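Structures for review follow.
In what comes next, chain A is part of two complexes: it sits with chain B in the first one and with chain C in the second one.
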Partner chain A sequence: MNKITLQIRCWIVCLLFITLAVSCRKDDLLDVPNPNVRQCNSYVDQFEAIWQGIDHSYVLWARDTVDWDARYRKFRPVFESFDARRATNPVDSAEYHQAWKDLTKGLLDHHMALFLWNPDGKYKCKVTPASNNYHHTTDVEAQLNILQNQPGVTHFISSYDASNARVKSAFCLLPGRTAGKYIAYFRFSEFDLRSISPDSTFANKEFIVAPFKAFYGDNYASGVTNGYAANEDVESIIIDVRANPGGNVSDLDALFGGLIQQDQQFGYTRYKAGMGRLDYSGWVPLVMYRAKNYLSKPKPIVVLSDINSASCAEIFTQSIKTLPNGTFIGERTFGATCALIPKTDIAFDIFYTGCFGDYNTAPFEGTGRPSNPSSFSFYVYTATYDAVTNDYTSLEGSGVKPDIEVLYSTESLRSGVDNQLDAALKHLRNLQ
Partner chain B sequence: MKHNRLPCQRVAFLIFACMTALLPAIAQSQPADTLAKAPVKHWCFGITGGIDRNYHNVDMVYMTDMRFDNYSPGSVVGLRLAYAPVSWLSINTGAVLIQKNYKMDHVFEYYNLRYGLTTSATNNYINVPLELRFSLGRKVKIHGFGGVFGGYWLSGHRTGTTYSFSNERYYDVDEDWEFNDKRDNRLETGLTWGAGLSGMIIGRIEIGADIRWYYSTSDIQKPYMVNLNPRYNTTVAVQASLSYWL
Partner chain C sequence: MKHYKLLSLLLIATSGMYGAKAQNPQPETNNLATPETPSYYYSQWNVGPVVGATINFLDADMGYMTNRSSLPFIGTAAGISATYNLKTWFAVRADLLYLQKNNIYAHSSLLEKDEVAFNTINTNSYLNLPVMADFSFGRKVRFHLRAGGYIGYWLSGRQKGSAIPLVSEVSTFDSPYTFDKIRDNRFDAGYAFGMGLSIHKWKRVMLDIDYHLYYAVTDMQKNYMMEQPHRYNSTSLLQVRLAFNL
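== the complex of A and B ==
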């Protein structure tokens, strides 16, 4: 074999090598539909849509310890059996509910709720993986009654009404360290300034607004104006968000932004950016911006929170805690610190993260009925972004820990003492 | 945070530019008897450098607003080691620092307004190729080569813009890639092939230029979930080399 022939053979070997090379990659790519627009026709369809939506878009996979692939292997046969039984032995609501509860058990997202409809649209079930039965309920009415009877309390206004399911609030002045000096107390039960904005038609608006006006001022939606918070005789502040389940994050612009003298960074956020569970965007600062109208001089602030303070109330609590003049008194908060945007058209269709499914299925908004009740509609309410503190610590599931821990005490309230409020008053009155 | 660039990025480009410009002139200027001293059963070492473009192969399925802009530019610089048992065949190896970059655009419309977020990722790898190289010609040789390479993902960095849901505004991102042991497969294997020109210049010094493909057959992600689309890098580099035959 001469040299030329050998060289030609070598070149042929090279070409064969290249041909082999291009076939070395995995080519069985995923073929999954967008869970936000998925139509389901069976129990398995519904299971696949929700499992896959959480698989690719759940924002807490970086921290969650649930083996989601193992859950798939375990529960797909369960939903297949539901389909197989539809004609002969239909699944009842309890069994259906239990299957979903077991599937999602232990997921870290403390906002998560699944709203599910069975095949006939006859019943729906709600599954909240983080819910439990060992948290106390907060007796807000008792706490406000005790507040009203505090020694030296003045200007007490309460919009609390047990029959009113919307925003409730309270305001009063309490004696400060010396005669003529006061502690301004303000409580609100939900971050929902939209419902009490000047252009809202909310029926009880004026009733609800009174404590906001007393604390922040007439223009409460723009921060602190002519309210008592800015009064020179008010030396310190208590803001009570116990049992506050959260609400609209943009409310923080006014409610927190009015209390600070400069923009305040208190953490970072990120969202999903890809199909992989661990595909994330870069971290961006989580900043509270000073409101248009703000306290010109910082005053000691105590925030009261408890295990039923969730979501926006926790962000508010963490923000106050981060302030040099802020102290958190009470007990560990709920642990739903990664906020969300409930409307799917804003978040999921753009960022492929957070809530997905049939928005109208959610009982808290829309019609309360899925657009097609005969289908297996669903709506997964879940965090839109991952949030951490300034030192990249996640508070999801663990909640914000108090600077001064004072546990909720039913016995104390029954005896006419709000031990958490007392601790706040004692702390502020003993400040040097 | 500083951008984590390859240290010899600019040097590599200069080497490549100079060598590709000089190659034809030098080859023509050399006397035939010099070129005839083709290396046989000799060792060779040298430097190489150039520019590359990386294709980040990933299927985003329904996340169609997230688009990868291919090919993203980068640079390559390294060392070459070769052994030639006969004049027309050599075994080549070495080590190169190579950038396998990509850019992702996230373009979406919201209330009839168009928004765009970008992420530019700079990824630095070290690749160690092992190639068989075949040559044809005398003055200026045409060569083709093929082989395998192993690599390691040294570092990464990303810049761009992202969106804050909580603040409802855009922020710049400028951060080093934080490797995740569960997610990132830092070891890389693949195939390499290409073709080019080379020629002897002064004495035992050889210059060359080639175009080569680094075709990674390993996913940059570990198989940490069942429903995971793979991500592969394919890098096309144009490299120049300056070598000395012992």
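== the complex of A and C ==
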């Protein structure tokens, strides 16, 4: 073979190699429908839609220990069997509920709730994988009765008997460390200032907002104005968010922002950035901004929280705890610290994380009835953001730990003593 | 496994050529010379530094996330390169390169009236070792075509950009990338292709201007979930080499 022939052959081999090589990559595209708009006609369809939706859009896979692939292999045959016996021996609600409960058992997201519609039986079931965390019900009425009967209590106002209000609140002044000085106590049941905004239509709105006005001032939505929190005779503050299930994080701008003298970073958030379970955006600092009206001088603040303080109430608790003048007294919080955006028309399709499915299937979100009653509708309520503290510690599932732990005691309340409130008063009265 | 076999075959073939040649007595320098190319233009070895710029295309499957996309982004490269000349028209070339395989992760949203974009620049640094067969022709300016394979290691990463904040006005981040042992596949391998010009004008040095393409066949992620989207790099490198004739 002469030199020219050899050279040409080598060139040809080289070009063939290039052609062959570029066709060798495994680049099949995923064939997964958007779970937010998926219509399901069978038990398996419903299973696939929810399994895949959680598989690709659940925000806590980085720390969740559930083997989701193994759950698929185990439970797909279960839902196939439900389909197979639809005509002869339809699945009953208990069996249906149990299958979903077992499928999602152990998922870390403490916000998570699945609302599942079975068109065969015309029933709906709700599954909350983290519901076992509740170990007591907080007796708010007993706690307020005890508060009202504290020695030296004045200016007591409570809207807790306003049955038509979502936000209920209480305020009072308690004797402080020194004579003539006071501890301002404020409690509210939910982060939902929208429902008591000037535009809301509550008939007894003034009654409901009275404790807010007493603590923050007339313009409570802009922080601390002429309320007792800013009064010179008020030397310290107790904010009670026990049994507060959370709500709208934007309320923190006023409710927390009014208590700080400078902007405060207390953690980071991120969300899913791709279809892979571990595809995330970068960590964005979580900063609370000082409100337009704020306390000019820091005062000692105690936040009271318990196991039924969840979501936004936990962020509030963690924020107070992070302050140099803040102390958290009570018991560890519920552990639903990763914020979510309940589904709106566009939320899921912006983030591709968080709540998905038929909005109307969730009783507290939409109409409570599936948009299409003949389909296997579902709504998955789950966190949009992964959140961590300043040192990148996740509190999801474990909750915020108190600086001074005082466990809820039913026996104590029955005997007329709120041991957590007592610990807060003792702490503030003993401060140097 | 098809691509691994192909890659292995090529690497074995090129190393075999090198090995077979190395066992033989070293050829005289003027063995590479032809009547048209004076002997001092060629030597058995050419070694020298390489610098260049990269543009990386990340082939990422975004599935139903229709407002997400992966865009190419530029980076830098530097290293050392060696060529072992077996014939006047055939050589084996190996580079040891630090290079960046960067990309932009784009996330558009409709939060405001106007579309808002939240982009992340992912800067990924790699150490790559490509080995290529080099076919060339010409005289003082020679044209080269190269093909081979490479192996590499993902050294580090950085994420800089913005995301939709929860409550803050701050939406930016700029931090080193933390590798995830479950997800991230730091081993990198693929095909290497190239073409370029070498200028043989001086006695001791030659100047190369090359375009190389590193086409990964290893996913950036380990196989850690059943329905996993793929993620492959294809890195184009425009580089200049100043090679010394040894």
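By definition in this document, the second predicted complex is superposed on the first by the 419 of 432 C-alpha atoms of A that agree within 3 Å, B and C clash if a C-alpha of one lies under 4 Å from a C-alpha of the other, contacts with A are read in each partner's own complex, and residues count from 1 in each chain.
Here is the rule we use: contacts are C-beta pairs under 8 Å (C-beta built on N, C-alpha and C of every residue); 3 or more make two chains touch, one makes a residue touch a chain.
All values reported here derive from a predicted model rather than from experimental measurement.
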Field: Clash-or-fit label for the pair chain B, chain C on chain A
entry: clash
- prompt: What is the contact status of A:277 with respect to chain B (first) and chain C (second): first, second, both, or neither?
  reply: both
Query: Is A:55 contacted by the first partner chain B, the second partner chain C, both or neither?
result: both
First (chain B), second (chain C), both or neither touched by A:416: neither
- request: Based on the superposed arrangement, let me know which partner A:106 touches: chain B (first), chain C (second), both, or neither?
  value: neither
- request: Could you look at A:347 and tell me whether it touches chain B, chain C, both or neither (first, second, both, neither)?
  value: first
Message: Show me the chain A residues, by the header's touch rule, that chain B contacts in one structure and chain C contacts in the other.
response: 3, 7, 10-11, 14, 17-18, 21-22, 24-26, 29-30, 32-34, 52, 55-56, 62, 68-69, 72, 249-250, 269-271, 273-278, 281-287, 289, 339, 346, 349-352, 385, 387
- request: Would you pull the chain A residues touching chain B in the complex into a rising list?
  value: 3, 7, 10-11, 14, 17-18, 21-22, 24-26, 29-34, 52, 55-56, 62, 68-69, 72, 249-250, 269-271, 273-278, 281-287, 289, 315, 339, 341, 346-347, 349-352, 384-385, 387
Message: Which stretch or stretches of chain C touch chain A in the complex?
response: 2-3, 6, 10, 59-68, 89-90, 105, 107, 109-111, 118, 120, 133, 135, 137, 145, 147, 159-175, 180, 182-183, 191, 193, 215-217, 219, 221, 224-232
Field: Interface residues, chain B side, partner chain A - complex
entry: 57-63, 65-66, 88-89, 104, 106, 108, 110, 119, 132, 134, 136, 144-146, 158, 160, 162-168, 171, 173-175, 180, 182-183, 191, 193, 215, 217, 219, 221, 224-230, 232
Query: How about chain A: which of its residues touch chain C in the complex?
result: 3, 7, 10-11, 14, 17-18, 20-22, 24-30, 32-34, 52, 55-56, 62, 68-69, 72, 249-250, 252-253, 269-271, 273-278, 281-289, 339, 346, 349-352, 385, 387
